[in-house]
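Structure, as structure tokens:
Each chain carries a letter (A, B, C and D) given by its place in the written order, and its residues are counted from 1.
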Amino acid sequence: MTLYYQVLALFLLVNLGAGLWRVLRGPTAADRMLAAQLFGTTAVAILVLLAQAERLAALRDIALVFALLAAVTAVSFVRRTWSEVKPDAD
Amino acid sequence: MLTDVLTVVLSLAGCAFFLAGTLGLLRFPDVFTRLHALTKADNLGLGLVVAGLALQADSWAIVGKLLLIWLLVMLAGASVANLVSRRALDKGLPVWKR
Amino acid sequence: METMTGLTGLFDVFLSAGLLWLAWQALASTDLFRAIVLFISFGLLMALAWARLGAPDIALAEAAIGAGLTGALLLSALARLPRDVPAGDAGCRTAFVVRVLAWLATMGLASTLAWVVFHLQPVAPGPGNAVIEQLEASGVGNPVTAVLLNFRGYDTLLEMAVLLLALLGVWSLGVEAEQQVTGADPVLDGLARLLLPLLILVAAYLLWVGAHAPGGAFQAGSVLGAAGVLLLLAGWRLRAAMSSAWMRAVLVAGPAAFVAMAVTTLLIEGRLLEFPQAQAGMLIFVLEACATLSIGATLAALYLGGIPQAEDDA
Amino acid sequence: MTAADLYALAGVGLVGLGLYALIVHAHLLRKILAINVTGSGIFLVLVGLSGTGPDAIPQAMVITGIVVAVSATALALALMLRLTALSGQAELPQDPDDAH
């Protein structure tokens, strides 16, 4: 089973790499931010898989911290950077 | 043995949703449809992976922690999707129509 | 750690290549917002790298700070930069000669470093073994916490001073810049209300578990700081509380506790921050609790970027 | 080559990238990002070099380093915003007799 979890973790990492294209491409700021949001979720999945594969309970705590703070960056983007007032410059 | 098979099926399905989420993010035409694809990875993708791993957990504490992680990611994903889409509508971002 | 093999080796290769590529793209990006998003993704991969390197303590700190603070800090700073300020295309205005010289110098430095990585023989037995041997005397079971709070406690004492100094530096620039007025948002408010108790609970959990497993004051403090950032983003009226005398007491609680402990141990044991073995666990926990509160408060205050000003009551 | 060596080498690459960007970029926000990348590279080298088995001392140093780095970043961003408010640009003033 360890090998199987490692295959899935590797697959998710490659998947994350593919999502980078949307960060580079845009076109709007929101598209870039959403891709980063997906990376966060993917990292959580990779961490819980690795925690099971390597029998490291601490990795689950890292996933928990990521899950707790998953919204902070995107919220600061919506509330500060991507305001109603300024026109979208992208 | 049966639990191993179930774990494999569930987590494979979860990874398929991650793939679908990424493909949607890359291929869909506007912010709103991309949001739709993204939330599938949060809800079903991580949910199925977590369900598969929970079957293998040594204790209920681990099951609880995994469940909490999934609920938190869903909460964050849903809130962010709502905030981003409302702001995108306010800003008048183009909505894709067939 | 044995030689890399198979799938985990492939994972490590992909991850380090991803780190380098993200850093390069972030630093070469012409668009500032894109650079910041790429840098945030870079922090995410750094946390995964720490997890793979067998350093979950660092991964926890990187996760809490990368997800909870760095992104919010950079995005808020970008929002406060006036739009008419030139973004400065990535290095295009630097003279060609300067770029070539910079490239040669950094390549030379990097090659030297790479040579060192391959040829430096680890000192055997390393100081890490001494930590494991003396772990019993430290009062805690997590070697990283033992180093931070006991064996090299003076490092952490000075580190708390650096944090406070950074905040004083920010405050010396004056009151915080005018934030754009954003009214309360029901969804965001609900999210903050749901998350706040959990954030405090997880911070307490990390502080507690740090005595014998990955976790500790820095990770817990970072989670608390991120909680403060989330509440400020949700539009909670915290600034009156943040400019109060209570808040200032919390800000200095960590450094003050460290200094008090250092003086006490100096007088009783004759050595700076050397705890009596029987009480070491308890004393370290008290120190860590004070440090956690101070780190959390300092990080949240740093996010404001100036002295907090109480809102006018509307 | 061990995994630790690999990450240490990646760290070396990050130090190179970060320093180069620090020199060639004029915009202060880019300089701040470059310093952070350099710092991350140094942390990776520090932990990667400790080699066989996790060593608590470099790990403790990196944890304090990460927290110091984020507070230094906050201070640097505040300084940048203050400079921008005063001078209207997010760059350090050029030397007037520096022909370029």
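One rule holds in what follows: contacts are C-beta pairs under 8 Å (C-beta built on N, C-alpha and C of every residue); 3 or more make two chains touch, one makes a residue touch a chain.
No experiment lies behind these values; they were computed from the predicted model shown.
Chemist: Count the touching C-beta pairs: is C-D or A-C ahead?
Modeler: Most contacts of the two pairs: C-D.
Chemist: I'd like to verify one number: the distance from the centre of chain A to the centre of chain B, where each centre is the average of its C-alpha atoms, in whole angstrom.
Modeler: 11
Chemist: Where the CA atoms of chain B average out and where those of chain D average out, how many Å apart are those spots?
Modeler: Whole-Å distance between the two chain centres: 33.
Chemist: Roughly how far is chain A from chain C, going centre to centre by Cα mean, in whole Å?
Modeler: It comes to 19 Å between the two C-alpha centres.
Chemist: Check each residue of chain B and list the ones that touch at least two other chains.
Modeler: Expected reply: 72, 75-76, 79, 83.
Chemist: If I count partner chains per residue in chain D, which residues reach a count of at least 2?
Modeler: none
Chemist: Which parts of chain C, given as residue numbers and ranges, touch two or more other chains?
Modeler: If we look for residues of chain C contacting two or more partner chains, we find 8, 52, 78, 185, 188, 191, 195, 198, 219.
Chemist: What pairs of chains are touching here?
Modeler: All chain pairs meeting the touch criterion are A-B, A-C, B-C, C-D.
Chemist: In their complex, what parts of chain C are in touch with chain D?
Modeler: That would be residues 1-4, 8-9, 12-13, 16-17, 19-20, 23-24, 26-28, 32, 35-36, 39, 42, 46, 49-50, 52-55, 57-58, 61-62, 65, 69-70, 73-74, 77-78, 80-82, 84-88, 90-91, 93-95, 98-99, 102-103, 105-107, 109-110, 113-114, 117-118, 120, 122, 126-128, 131-132, 143-144, 146-148, 152, 155-156, 159, 162-163, 166-167, 169-170, 173-174, 177, 216, 218-219, 221-222, 295, 298-299, 302-303, 305-306 of chain C.
Chemist: Quick check on the complex: what are the chain B residues that touch chain A?
Modeler: Those residues of chain B that touch chain A are 4, 7-8, 11-12, 14-15, 18-19, 21-22, 25-26, 31, 34-35, 38, 41-42, 45-46, 49-50, 53, 56, 62, 65-66, 68-70, 72-73, 75-77, 79-80, 83-84, 87-88, 90-91, 93.
Chemist: Would you mind writing out the residues of chain A in touch with chain C in their complex?
Modeler: Answer in residue numbers: 3, 6-7, 9-10, 13-14, 16-17, 20, 23-24, 26, 29, 32-33, 35-36, 39-40, 43, 46-47, 50, 56-59, 61-62, 64-66, 68-73, 75-77, 79-81, 83, 85-86, 89-90.
Chemist: Going by the contact rule at the top, pick out the chain B residues touching chain C in the complex.
Modeler: Spelled out, the residues of chain B in touch with chain C are 72, 75-76, 79, 82-83.
Chemist: Please give the residue numbers of chain A that touch chain B in the complex, ascending.
Modeler: Listed in rising order, the residues are 1, 4, 8, 11-12, 15-16, 18-19, 21-22, 28, 30-31, 33-35, 37-38, 40-42, 44-45, 48-49, 52, 57, 60, 63-64, 67-68, 70-71, 74-75, 78-79, 82, 84, 88.
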